[in-house]
Amino acid sequence: MGGKTQIRVRYQETDQMGLAYHGNYLAWMEVGRTEWFRELGMPYKLFEEKGVMLPVVEMGCKFTSPIRYDDLVTVETEVTHLTPVRITFSYSLITDKRAADGFTTHAFVNREGRPVNTAKKYPDIWKWLEENFGN
Amino acid sequence: MGGKTQIRVRYQETDQMGLAYHGNYLAWMEVGRTEWFRELGMPYKLFEEKGVMLPVVEMGCKFTSPIRYDDLVTVETEVTHLTPVRITFSYSLITDKRAADGFTTHAFVNREGRPVNTAKKYPDIWKWLEENFGN
Amino acid sequence: MGGKTQIRVRYQETDQMGLAYHGNYLAWMEVGRTEWFRELGMPYKLFEEKGVMLPVVEMGCKFTSPIRYDDLVTVETEVTHLTPVRITFSYSLITDKRAADGFTTHAFVNREGRPVNTAKKYPDIWKWLEENFGN
Amino acid sequence: MGGKTQIRVRYQETDQMGLAYHGNYLAWMEVGRTEWFRELGMPYKLFEEKGVMLPVVEMGCKFTSPIRYDDLVTVETEVTHLTPVRITFSYSLITDKRAADGFTTHAFVNREGRPVNTAKKYPDIWKWLEENFGN
(Lines give C-alpha, C1' and ligand atoms only; values in the text may rest on other atoms or scores of the structure.)
Protein backbone atom coordinates (compact mmCIF):
# COMPACT_ATOMS: atom_id res chain seq x y z
CA MET A 1 0.00 0.00 0.00
CA GLY A 2 2.38 2.69 -1.16
CA GLY A 3 6.14 2.99 -1.42
CA LYS A 4 8.56 4.30 1.13
CA THR A 5 12.13 5.33 0.43
CA GLN A 6 14.70 7.66 1.93
CA ILE A 7 16.94 10.35 0.56
CA ARG A 8 19.71 12.28 2.27
CA VAL A 9 19.76 16.01 1.49
CA ARG A 10 22.92 17.00 -0.38
CA TYR A 11 24.87 20.19 0.18
CA GLN A 12 24.30 20.89 -3.51
CA GLU A 13 20.57 20.92 -2.82
CA THR A 14 20.72 23.68 -0.20
CA ASP A 15 20.48 27.40 -0.89
CA GLN A 16 21.79 30.42 0.94
CA MET A 17 18.66 30.58 3.10
CA GLY A 18 20.03 27.40 4.68
CA LEU A 19 17.13 25.34 3.33
CA ALA A 20 16.78 22.79 0.59
CA TYR A 21 15.81 24.67 -2.58
CA HIS A 22 12.18 23.95 -3.43
CA GLY A 23 12.92 22.76 -6.98
CA ASN A 24 14.83 19.79 -5.59
CA TYR A 25 11.72 18.33 -4.00
CA LEU A 26 10.68 17.26 -7.49
CA ALA A 27 13.82 15.17 -7.86
CA TRP A 28 13.11 13.51 -4.51
CA MET A 29 9.56 12.73 -5.57
CA GLU A 30 11.11 11.17 -8.68
CA VAL A 31 13.26 8.99 -6.41
CA GLY A 32 10.13 8.06 -4.44
CA ARG A 33 8.15 6.76 -7.41
CA THR A 34 11.22 5.21 -9.07
CA GLU A 35 12.27 3.14 -6.08
CA TRP A 36 8.70 2.07 -5.51
CA PHE A 37 8.33 0.87 -9.11
CA ARG A 38 11.64 -0.97 -8.80
CA GLU A 39 10.42 -2.68 -5.63
CA LEU A 40 7.22 -3.71 -7.40
CA GLY A 41 9.33 -5.40 -10.07
CA MET A 42 8.92 -2.84 -12.84
CA PRO A 43 11.83 -0.39 -12.93
CA TYR A 44 10.85 2.79 -14.77
CA LYS A 45 13.67 2.04 -17.19
CA LEU A 46 11.59 -0.85 -18.53
CA PHE A 47 8.78 1.53 -19.49
CA GLU A 48 11.17 3.49 -21.66
CA GLU A 49 12.63 0.32 -23.16
CA LYS A 50 9.12 -0.68 -24.20
CA GLY A 51 8.67 2.75 -25.76
CA VAL A 52 6.48 4.40 -23.11
CA MET A 53 7.56 7.58 -21.39
CA LEU A 54 5.92 9.45 -18.54
CA PRO A 55 6.48 13.20 -18.82
CA VAL A 56 4.99 15.32 -16.06
CA VAL A 57 1.89 17.28 -17.13
CA GLU A 58 1.04 18.78 -13.75
CA MET A 59 2.67 19.07 -10.37
CA GLY A 60 2.07 20.75 -7.04
CA CYS A 61 3.57 20.88 -3.58
CA LYS A 62 2.83 22.40 -0.17
CA PHE A 63 5.77 23.03 2.13
CA THR A 64 4.88 22.90 5.79
CA SER A 65 8.16 22.44 7.61
CA PRO A 66 11.70 23.19 6.39
CA ILE A 67 14.03 20.52 5.05
CA ARG A 68 17.72 21.16 5.63
CA TYR A 69 21.17 19.93 4.73
CA ASP A 70 21.91 16.35 5.72
CA ASP A 71 18.32 15.65 6.74
CA LEU A 72 17.19 12.11 6.14
CA VAL A 73 13.87 12.46 4.35
CA THR A 74 11.32 9.68 4.03
CA VAL A 75 9.41 9.89 0.78
CA GLU A 76 6.05 8.12 0.91
CA THR A 77 4.51 7.56 -2.50
CA GLU A 78 1.02 6.53 -3.54
CA VAL A 79 -0.91 6.36 -6.79
CA THR A 80 -4.02 8.46 -6.29
CA HIS A 81 -5.41 8.39 -9.82
CA LEU A 82 -4.97 6.04 -12.74
CA THR A 83 -6.46 5.94 -16.23
CA PRO A 84 -5.09 4.35 -19.42
CA VAL A 85 -3.68 7.75 -20.41
CA ARG A 86 -2.57 9.30 -17.11
CA ILE A 87 -1.23 8.47 -13.67
CA THR A 88 -1.05 10.67 -10.57
CA PHE A 89 1.37 10.06 -7.73
CA SER A 90 1.00 11.71 -4.34
CA TYR A 91 3.92 12.13 -1.99
CA SER A 92 4.54 12.93 1.65
CA LEU A 93 8.01 14.10 2.60
CA ILE A 94 8.79 13.46 6.23
CA THR A 95 11.75 14.43 8.40
CA ASP A 96 11.10 14.33 12.14
CA LYS A 97 7.76 15.82 11.14
CA ARG A 98 5.69 16.06 7.99
CA ALA A 99 7.58 18.52 5.83
CA ALA A 100 5.79 18.60 2.47
CA ASP A 101 2.96 17.09 0.45
CA GLY A 102 3.02 17.02 -3.30
CA PHE A 103 1.80 15.33 -6.42
CA THR A 104 2.85 14.77 -10.01
CA THR A 105 0.54 13.80 -12.86
CA HIS A 106 2.15 12.06 -15.83
CA ALA A 107 0.87 11.36 -19.31
CA PHE A 108 1.76 8.13 -21.06
CA VAL A 109 3.41 9.06 -24.36
CA ASN A 110 5.31 7.20 -27.05
CA ARG A 111 8.83 7.94 -28.30
CA GLU A 112 7.48 10.68 -30.55
CA GLY A 113 5.87 12.34 -27.54
CA ARG A 114 2.30 11.51 -28.60
CA PRO A 115 -0.21 10.46 -25.95
CA VAL A 116 -0.91 6.75 -25.90
CA ASN A 117 -3.76 4.76 -24.45
CA THR A 118 -1.86 2.06 -22.55
CA ALA A 119 -4.93 -0.20 -22.33
CA LYS A 120 -5.00 -0.35 -26.13
CA LYS A 121 -1.37 -0.03 -27.15
CA TYR A 122 0.47 -1.61 -24.24
CA PRO A 123 -1.96 -4.08 -22.63
CA ASP A 124 0.78 -5.77 -20.58
CA ILE A 125 1.80 -2.42 -19.06
CA TRP A 126 -1.81 -1.50 -18.45
CA LYS A 127 -2.47 -4.86 -16.79
CA TRP A 128 0.47 -4.33 -14.45
CA LEU A 129 -0.63 -0.80 -13.64
CA GLU A 130 -4.20 -1.84 -12.94
CA GLU A 131 -3.22 -4.80 -10.80
CA ASN A 132 -0.94 -2.66 -8.68
CA PHE A 133 -2.74 0.67 -8.55
CA GLY A 134 -6.30 0.14 -9.77
CA ASN A 135 -9.14 0.38 -7.29
CA MET B 1 1.50 45.26 -15.39
CA GLY B 2 3.68 42.23 -14.88
CA GLY B 3 7.26 41.36 -15.67
CA LYS B 4 8.66 39.73 -18.75
CA THR B 5 12.07 38.13 -19.03
CA GLN B 6 13.72 35.45 -21.12
CA ILE B 7 15.79 32.41 -20.36
CA ARG B 8 17.64 30.10 -22.72
CA VAL B 9 17.29 26.39 -21.92
CA ARG B 10 20.65 24.88 -20.96
CA TYR B 11 21.84 21.42 -21.95
CA GLN B 12 22.20 20.73 -18.24
CA GLU B 13 18.46 21.31 -17.88
CA THR B 14 17.44 18.63 -20.37
CA ASP B 15 16.82 14.99 -19.56
CA GLN B 16 17.08 11.84 -21.62
CA MET B 17 13.49 12.24 -22.82
CA GLY B 18 14.86 15.18 -24.80
CA LEU B 19 12.81 17.65 -22.75
CA ALA B 20 13.65 20.16 -20.06
CA TYR B 21 13.29 18.40 -16.70
CA HIS B 22 10.19 19.67 -14.89
CA GLY B 23 12.05 20.62 -11.71
CA ASN B 24 13.96 23.28 -13.65
CA TYR B 25 10.81 25.26 -14.36
CA LEU B 26 10.94 26.42 -10.73
CA ALA B 27 14.36 27.95 -11.31
CA TRP B 28 13.04 29.78 -14.37
CA MET B 29 10.09 31.10 -12.38
CA GLU B 30 12.66 32.32 -9.86
CA VAL B 31 14.43 34.18 -12.69
CA GLY B 32 11.07 35.63 -13.73
CA ARG B 33 10.22 37.17 -10.36
CA THR B 34 13.83 38.15 -9.66
CA GLU B 35 14.33 40.10 -12.86
CA TRP B 36 10.96 41.77 -12.46
CA PHE B 37 11.79 42.92 -8.92
CA ARG B 38 15.13 44.21 -10.16
CA GLU B 39 13.37 46.16 -12.91
CA LEU B 40 10.99 47.66 -10.35
CA GLY B 41 14.00 48.91 -8.42
CA MET B 42 13.97 46.41 -5.58
CA PRO B 43 16.36 43.50 -6.24
CA TYR B 44 15.43 40.48 -4.13
CA LYS B 45 18.89 40.73 -2.59
CA LEU B 46 17.74 43.89 -0.80
CA PHE B 47 14.96 41.98 0.95
CA GLU B 48 17.52 39.60 2.43
CA GLU B 49 19.81 42.46 3.39
CA LYS B 50 16.94 43.99 5.32
CA GLY B 51 16.37 40.65 7.04
CA VAL B 52 13.33 39.42 5.13
CA MET B 53 13.37 36.15 3.25
CA LEU B 54 10.72 34.63 1.00
CA PRO B 55 10.74 30.83 1.21
CA VAL B 56 8.24 29.03 -1.01
CA VAL B 57 5.29 27.57 0.91
CA GLU B 58 3.29 26.31 -2.05
CA MET B 59 3.83 25.84 -5.76
CA GLY B 60 2.08 24.37 -8.74
CA CYS B 61 2.56 24.05 -12.48
CA LYS B 62 0.69 22.76 -15.52
CA PHE B 63 2.72 21.73 -18.53
CA THR B 64 0.90 22.10 -21.81
CA SER B 65 3.59 22.05 -24.46
CA PRO B 66 7.16 20.71 -24.25
CA ILE B 67 10.16 22.95 -23.66
CA ARG B 68 13.40 21.73 -25.21
CA TYR B 69 17.12 22.37 -25.32
CA ASP B 70 18.12 25.81 -26.55
CA ASP B 71 14.55 27.09 -26.56
CA LEU B 72 14.21 30.75 -25.75
CA VAL B 73 11.48 30.90 -23.12
CA THR B 74 9.61 34.04 -22.17
CA VAL B 75 8.66 34.07 -18.52
CA GLU B 76 5.71 36.35 -17.76
CA THR B 77 5.28 37.07 -14.07
CA GLU B 78 2.42 38.64 -12.13
CA VAL B 79 1.52 39.05 -8.49
CA THR B 80 -1.91 37.48 -8.08
CA HIS B 81 -2.25 37.70 -4.30
CA LEU B 82 -0.65 39.88 -1.65
CA THR B 83 -1.09 40.14 2.11
CA PRO B 84 1.34 41.41 4.76
CA VAL B 85 2.42 37.79 5.39
CA ARG B 86 2.31 36.17 1.95
CA ILE B 87 2.77 36.85 -1.74
CA THR B 88 1.73 34.73 -4.71
CA PHE B 89 3.34 35.00 -8.13
CA SER B 90 1.80 33.51 -11.25
CA TYR B 91 3.86 32.68 -14.31
CA SER B 92 3.33 31.87 -17.94
CA LEU B 93 6.17 30.18 -19.79
CA ILE B 94 6.01 30.77 -23.50
CA THR B 95 8.07 29.38 -26.38
CA ASP B 96 6.43 29.69 -29.80
CA LYS B 97 3.31 28.73 -27.89
CA ARG B 98 2.17 28.75 -24.28
CA ALA B 99 4.15 25.96 -22.68
CA ALA B 100 3.37 26.09 -18.96
CA ASP B 101 1.48 27.99 -16.28
CA GLY B 102 2.58 27.96 -12.69
CA PHE B 103 2.55 29.77 -9.39
CA THR B 104 4.62 30.06 -6.24
CA THR B 105 3.37 31.33 -2.88
CA HIS B 106 5.99 32.72 -0.52
CA ALA B 107 5.84 33.53 3.17
CA PHE B 108 7.69 36.55 4.54
CA VAL B 109 10.00 35.29 7.27
CA ASN B 110 12.84 36.77 9.31
CA ARG B 111 16.40 35.44 9.55
CA GLU B 112 15.29 32.89 12.15
CA GLY B 113 12.68 31.59 9.73
CA ARG B 114 9.73 32.93 11.72
CA PRO B 115 6.77 34.43 9.83
CA VAL B 116 6.70 38.21 9.88
CA ASN B 117 3.92 40.67 9.22
CA THR B 118 5.62 43.06 6.83
CA ALA B 119 3.01 45.80 7.41
CA LYS B 120 4.02 45.88 11.09
CA LYS B 121 7.69 44.97 11.07
CA TYR B 122 8.89 46.27 7.73
CA PRO B 123 6.54 49.13 6.80
CA ASP B 124 8.85 50.41 4.05
CA ILE B 125 8.85 47.00 2.39
CA TRP B 126 5.10 46.68 2.80
CA LYS B 127 4.58 50.11 1.30
CA TRP B 128 6.65 49.19 -1.73
CA LEU B 129 4.80 45.90 -2.14
CA GLU B 130 1.40 47.50 -1.84
CA GLU B 131 2.21 50.31 -4.24
CA ASN B 132 3.44 47.92 -6.86
CA PHE B 133 1.18 44.92 -6.42
CA GLY B 134 -1.78 45.97 -4.28
CA ASN B 135 -5.17 46.26 -5.89
CA MET C 1 39.33 36.00 -30.51
CA GLY C 2 37.21 34.20 -27.97
CA GLY C 3 33.64 34.49 -26.81
CA LYS C 4 32.23 36.57 -24.02
CA THR C 5 28.85 36.10 -22.43
CA GLN C 6 27.21 36.84 -19.11
CA ILE C 7 25.19 34.83 -16.64
CA ARG C 8 23.34 35.98 -13.55
CA VAL C 9 23.74 33.68 -10.53
CA ARG C 10 20.40 32.14 -9.54
CA TYR C 11 19.26 31.55 -5.98
CA GLN C 12 18.93 27.90 -6.94
CA GLU C 13 22.66 27.85 -7.64
CA THR C 14 23.70 28.99 -4.16
CA ASP C 15 24.38 26.71 -1.21
CA GLN C 16 24.13 27.24 2.52
CA MET C 17 27.69 28.53 2.65
CA GLY C 18 26.28 31.54 0.82
CA LEU C 19 28.32 30.77 -2.30
CA ALA C 20 27.48 29.40 -5.70
CA TYR C 21 27.88 25.61 -5.53
CA HIS C 22 30.97 24.55 -7.47
CA GLY C 23 29.14 22.06 -9.68
CA ASN C 24 27.18 24.91 -11.25
CA TYR C 25 30.30 26.44 -12.76
CA LEU C 26 30.17 23.64 -15.33
CA ALA C 27 26.73 24.76 -16.46
CA TRP C 28 28.01 28.34 -16.83
CA MET C 29 30.96 27.12 -18.89
CA GLU C 30 28.39 25.33 -21.04
CA VAL C 31 26.58 28.66 -21.52
CA GLY C 32 29.91 30.26 -22.41
CA ARG C 33 30.77 27.89 -25.25
CA THR C 34 27.15 27.61 -26.41
CA GLU C 35 26.61 31.33 -26.82
CA TRP C 36 29.96 31.71 -28.52
CA PHE C 37 29.14 28.98 -31.06
CA ARG C 38 25.77 30.62 -31.68
CA GLU C 39 27.48 33.95 -32.29
CA LEU C 40 29.87 32.30 -34.74
CA GLY C 41 26.85 31.05 -36.70
CA MET C 42 26.94 27.42 -35.61
CA PRO C 43 24.58 26.74 -32.69
CA TYR C 44 25.58 23.57 -30.86
CA LYS C 45 22.12 22.24 -31.71
CA LEU C 46 23.23 21.97 -35.34
CA PHE C 47 26.04 19.61 -34.37
CA GLU C 48 23.53 17.24 -32.81
CA GLU C 49 21.21 17.55 -35.79
CA LYS C 50 24.08 16.47 -38.04
CA GLY C 51 24.68 13.52 -35.72
CA VAL C 52 27.75 14.76 -33.84
CA MET C 53 27.73 15.08 -30.07
CA LEU C 54 30.37 16.50 -27.76
CA PRO C 55 30.40 14.70 -24.40
CA VAL C 56 32.92 15.97 -21.86
CA VAL C 57 35.89 13.65 -21.38
CA GLU C 58 37.88 15.82 -18.99
CA MET C 59 37.32 18.97 -16.99
CA GLY C 60 39.08 21.07 -14.39
CA CYS C 61 38.57 24.31 -12.53
CA LYS C 62 40.43 26.54 -10.08
CA PHE C 63 38.38 28.81 -7.85
CA THR C 64 40.18 31.96 -6.80
CA SER C 65 37.46 34.30 -5.62
CA PRO C 66 33.92 33.49 -4.47
CA ILE C 67 30.89 33.88 -6.72
CA ARG C 68 27.65 34.74 -4.94
CA TYR C 69 23.92 35.06 -5.45
CA ASP C 70 22.88 37.62 -8.03
CA ASP C 71 26.44 38.21 -9.22
CA LEU C 72 26.73 39.04 -12.88
CA VAL C 73 29.48 36.74 -14.14
CA THR C 74 31.32 37.24 -17.41
CA VAL C 75 32.31 33.96 -19.00
CA GLU C 76 35.22 34.28 -21.41
CA THR C 77 35.68 31.25 -23.63
CA GLU C 78 38.53 30.19 -25.88
CA VAL C 79 39.45 27.06 -27.80
CA THR C 80 42.90 26.05 -26.58
CA HIS C 81 43.26 22.73 -28.39
CA LEU C 82 41.67 21.25 -31.47
CA THR C 83 42.12 17.96 -33.30
CA PRO C 84 39.70 16.07 -35.56
CA VAL C 85 38.67 13.96 -32.56
CA ARG C 86 38.77 16.39 -29.62
CA ILE C 87 38.28 20.00 -28.67
CA THR C 88 39.32 21.81 -25.49
CA PHE C 89 37.68 25.01 -24.27
CA SER C 90 39.22 27.22 -21.61
CA TYR C 91 37.15 29.62 -19.55
CA SER C 92 37.66 32.56 -17.28
CA LEU C 93 34.83 33.50 -14.95
CA ILE C 94 34.96 37.11 -13.91
CA THR C 95 32.90 39.10 -11.42
CA ASP C 96 34.50 42.34 -10.25
CA LYS C 97 37.66 40.24 -10.21
CA ARG C 98 38.82 37.01 -11.77
CA ALA C 99 36.87 34.34 -9.91
CA ALA C 100 37.68 31.03 -11.61
CA ASP C 101 39.56 29.43 -14.49
CA GLY C 102 38.50 26.16 -15.98
CA PHE C 103 38.54 23.93 -19.02
CA THR C 104 36.48 21.19 -20.60
CA THR C 105 37.73 18.70 -23.17
CA HIS C 106 35.12 17.12 -25.42
CA ALA C 107 35.28 14.13 -27.72
CA PHE C 108 33.41 14.15 -31.01
CA VAL C 109 31.13 11.11 -31.01
CA ASN C 110 28.30 9.86 -33.19
CA ARG C 111 24.75 9.04 -32.08
CA GLU C 112 25.90 5.63 -30.89
CA GLY C 113 28.50 7.29 -28.68
CA ARG C 114 31.46 6.09 -30.79
CA PRO C 115 34.38 8.47 -31.36
CA VAL C 116 34.41 10.01 -34.80
CA ASN C 117 37.17 11.69 -36.77
CA THR C 118 35.43 14.85 -37.92
CA ALA C 119 37.99 15.51 -40.66
CA LYS C 120 37.02 12.22 -42.28
CA LYS C 121 33.37 11.80 -41.42
CA TYR C 122 32.11 15.37 -41.19
CA PRO C 123 34.43 17.44 -43.39
CA ASP C 124 32.10 20.46 -43.35
CA ILE C 125 32.12 20.52 -39.56
CA TRP C 126 35.87 20.03 -39.48
CA LYS C 127 36.35 22.87 -41.97
CA TRP C 128 34.28 25.19 -39.82
CA LEU C 129 36.15 24.19 -36.68
CA GLU C 130 39.54 24.63 -38.28
CA GLU C 131 38.68 28.00 -39.80
CA ASN C 132 37.45 29.33 -36.51
CA PHE C 133 39.73 27.69 -33.99
CA GLY C 134 42.71 26.22 -35.88
CA ASN C 135 46.10 27.81 -35.47
CA MET D 1 41.39 2.72 3.89
CA GLY D 2 39.05 5.00 2.05
CA GLY D 3 35.31 5.30 1.87
CA LYS D 4 32.89 3.53 -0.39
CA THR D 5 29.32 4.56 -0.99
CA GLN D 6 26.73 4.17 -3.72
CA ILE D 7 24.45 6.52 -5.55
CA ARG D 8 21.65 5.77 -8.00
CA VAL D 9 21.58 8.05 -11.06
CA ARG D 10 18.39 10.12 -11.13
CA TYR D 11 16.41 10.96 -14.24
CA GLN D 12 16.93 14.59 -13.31
CA GLU D 13 20.68 14.02 -13.67
CA THR D 14 20.51 12.82 -17.27
CA ASP D 15 20.71 15.03 -20.34
CA GLN D 16 19.37 14.64 -23.85
CA MET D 17 22.51 12.80 -24.92
CA GLY D 18 21.18 9.99 -22.72
CA LEU D 19 24.11 10.38 -20.30
CA ALA D 20 24.45 11.78 -16.82
CA TYR D 21 25.39 15.45 -17.19
CA HIS D 22 29.03 15.97 -16.20
CA GLY D 23 28.28 18.67 -13.62
CA ASN D 24 26.40 16.12 -11.51
CA TYR D 25 29.54 14.10 -10.89
CA LEU D 26 30.57 16.82 -8.44
CA ALA D 27 27.45 16.22 -6.37
CA TRP D 28 28.20 12.49 -6.30
CA MET D 29 31.75 13.16 -5.16
CA GLU D 30 30.20 15.29 -2.42
CA VAL D 31 28.09 12.30 -1.39
CA GLY D 32 31.24 10.17 -1.41
CA ARG D 33 33.22 12.33 1.03
CA THR D 34 30.15 13.13 3.14
CA GLU D 35 29.15 9.54 3.74
CA TRP D 36 32.74 8.59 4.47
CA PHE D 37 33.08 11.36 7.08
CA ARG D 38 29.81 10.25 8.65
CA GLU D 39 31.07 6.68 8.83
CA LEU D 40 34.27 7.87 10.49
CA GLY D 41 32.16 9.54 13.16
CA MET D 42 32.51 13.15 12.02
CA PRO D 43 29.56 14.24 9.85
CA TYR D 44 30.51 17.27 7.75
CA LYS D 45 27.67 19.10 9.48
CA LEU D 46 29.77 19.12 12.66
CA PHE D 47 32.54 21.03 10.89
CA GLU D 48 30.11 23.80 10.05
CA GLU D 49 28.66 23.79 13.56
CA LYS D 50 32.19 24.34 14.89
CA GLY D 51 32.59 27.22 12.45
CA VAL D 52 34.77 25.55 9.81
CA MET D 53 33.67 25.34 6.20
CA LEU D 54 35.33 23.56 3.29
CA PRO D 55 34.72 25.40 0.02
CA VAL D 56 36.21 23.82 -3.09
CA VAL D 57 39.27 25.65 -4.43
CA GLU D 58 40.15 23.25 -7.22
CA MET D 59 38.53 20.30 -8.92
CA GLY D 60 39.14 18.00 -11.84
CA CYS D 61 37.66 14.90 -13.43
CA LYS D 62 38.40 12.47 -16.25
CA PHE D 63 35.48 10.63 -17.77
CA THR D 64 36.40 7.26 -19.21
CA SER D 65 33.13 5.39 -19.56
CA PRO D 66 29.58 6.76 -19.70
CA ILE D 67 27.27 6.79 -16.69
CA ARG D 68 23.59 6.51 -17.49
CA TYR D 69 20.14 6.76 -15.97
CA ASP D 70 19.44 4.35 -13.13
CA ASP D 71 23.06 3.17 -12.96
CA LEU D 72 24.21 2.22 -9.51
CA VAL D 73 27.53 4.02 -9.11
CA THR D 74 30.10 3.15 -6.46
CA VAL D 75 31.99 6.22 -5.28
CA GLU D 76 35.36 5.38 -3.77
CA THR D 77 36.89 8.25 -1.83
CA GLU D 78 40.37 8.81 -0.46
CA VAL D 79 42.28 11.70 1.05
CA THR D 80 45.37 12.16 -1.07
CA HIS D 81 46.73 15.35 0.47
CA LEU D 82 46.30 17.01 3.84
CA THR D 83 47.75 20.13 5.42
CA PRO D 84 46.37 22.33 8.22
CA VAL D 85 44.91 24.65 5.55
CA ARG D 86 43.81 22.29 2.76
CA ILE D 87 42.52 18.82 2.06
CA THR D 88 42.34 16.95 -1.24
CA PHE D 89 39.96 14.09 -1.88
CA SER D 90 40.32 11.73 -4.82
CA TYR D 91 37.42 9.75 -6.17
CA SER D 92 36.81 6.78 -8.44
CA LEU D 93 33.34 6.37 -9.87
CA ILE D 94 32.61 2.81 -10.84
CA THR D 95 29.64 1.23 -12.62
CA ASP D 96 30.33 -2.21 -14.10
CA LYS D 97 33.64 -0.63 -15.06
CA ARG D 98 35.69 2.35 -13.95
CA ALA D 99 33.75 5.33 -15.26
CA ALA D 100 35.51 8.42 -13.92
CA ASP D 101 38.35 9.65 -11.71
CA GLY D 102 38.25 13.02 -10.06
CA PHE D 103 39.47 15.13 -7.21
CA THR D 104 38.40 18.14 -5.17
CA THR D 105 40.70 20.33 -3.10
CA HIS D 106 39.09 22.26 -0.25
CA ALA D 107 40.35 25.13 1.86
CA PHE D 108 39.47 25.33 5.54
CA VAL D 109 37.78 28.68 6.08
CA ASN D 110 35.89 30.32 8.93
CA ARG D 111 32.36 31.71 8.81
CA GLU D 112 33.65 34.92 7.27
CA GLY D 113 35.26 32.92 4.49
CA ARG D 114 38.83 33.59 5.67
CA PRO D 115 41.38 30.77 5.47
CA VAL D 116 42.12 29.15 8.81
CA ASN D 117 45.00 27.02 9.98
CA THR D 118 43.15 24.14 11.63
CA ALA D 119 46.23 23.02 13.56
CA LYS D 120 46.28 26.39 15.32
CA LYS D 121 42.64 27.41 15.49
CA TYR D 122 40.83 24.09 15.68
CA PRO D 123 43.31 21.61 17.21
CA ASP D 124 40.59 19.01 17.90
CA ILE D 125 39.56 19.04 14.24
CA TRP D 126 43.17 18.92 13.12
CA LYS D 127 43.87 15.99 15.45
CA TRP D 128 40.94 14.08 14.01
CA LEU D 129 42.02 14.84 10.44
CA GLU D 130 45.60 13.83 11.07
CA GLU D 131 44.68 10.62 12.83
CA ASN D 132 42.38 9.57 10.04
CA PHE D 133 44.13 10.89 6.95
CA GLY D 134 47.71 11.82 7.91
CA ASN D 135 50.54 9.70 6.65
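Note that the chains are named A, B, C and D in the order they appear, and that numbering of residues resets to 1 at the start of each chain.
Here is the rule we use: contacts are C-beta pairs under 8 Å (C-beta built on N, C-alpha and C of every residue); 3 or more make two chains touch, one makes a residue touch a chain.
Just so it is clear, the model here is predicted, and its values are computed rather than measured.
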* Asked: Between chain pairs A-B and A-C, which one is joined by a greater number of C-beta pairs in contact?
  -> A-B
* Rounded to the nearest 5 degrees, what angle rotates subunit C onto subunit D on CA? -> 180
* subunit A and subunit B: spacing of chain centres that average the CA atoms, whole Å -> 24
* If you average the Cα atoms of subunit B and of subunit C to get two centres, how far apart are those centres in Å? -> 28
* Taking each chain's centre as its mean C-alpha position, how far apart are subunit A and subunit C in Å? -> 33
* Sites on subunit B at which at least two other chains make contact -> 11-12, 17, 19, 23, 26-27, 69
* To do: Using the touch definition up top, name the residues of subunit C that touch subunit B in the complex.
  => 8, 10-12, 26-27, 30-31, 34, 43-45, 69-70
* Structure fact -> Given the complex, residues on subunit D that touch subunit B span 11-12, 14-19, 21, 23, 69
* In the complex of these two chains, what residues of subunit A are touching subunit B? -> 17, 19, 22-24, 26-27, 53, 55-64, 66, 104, 113
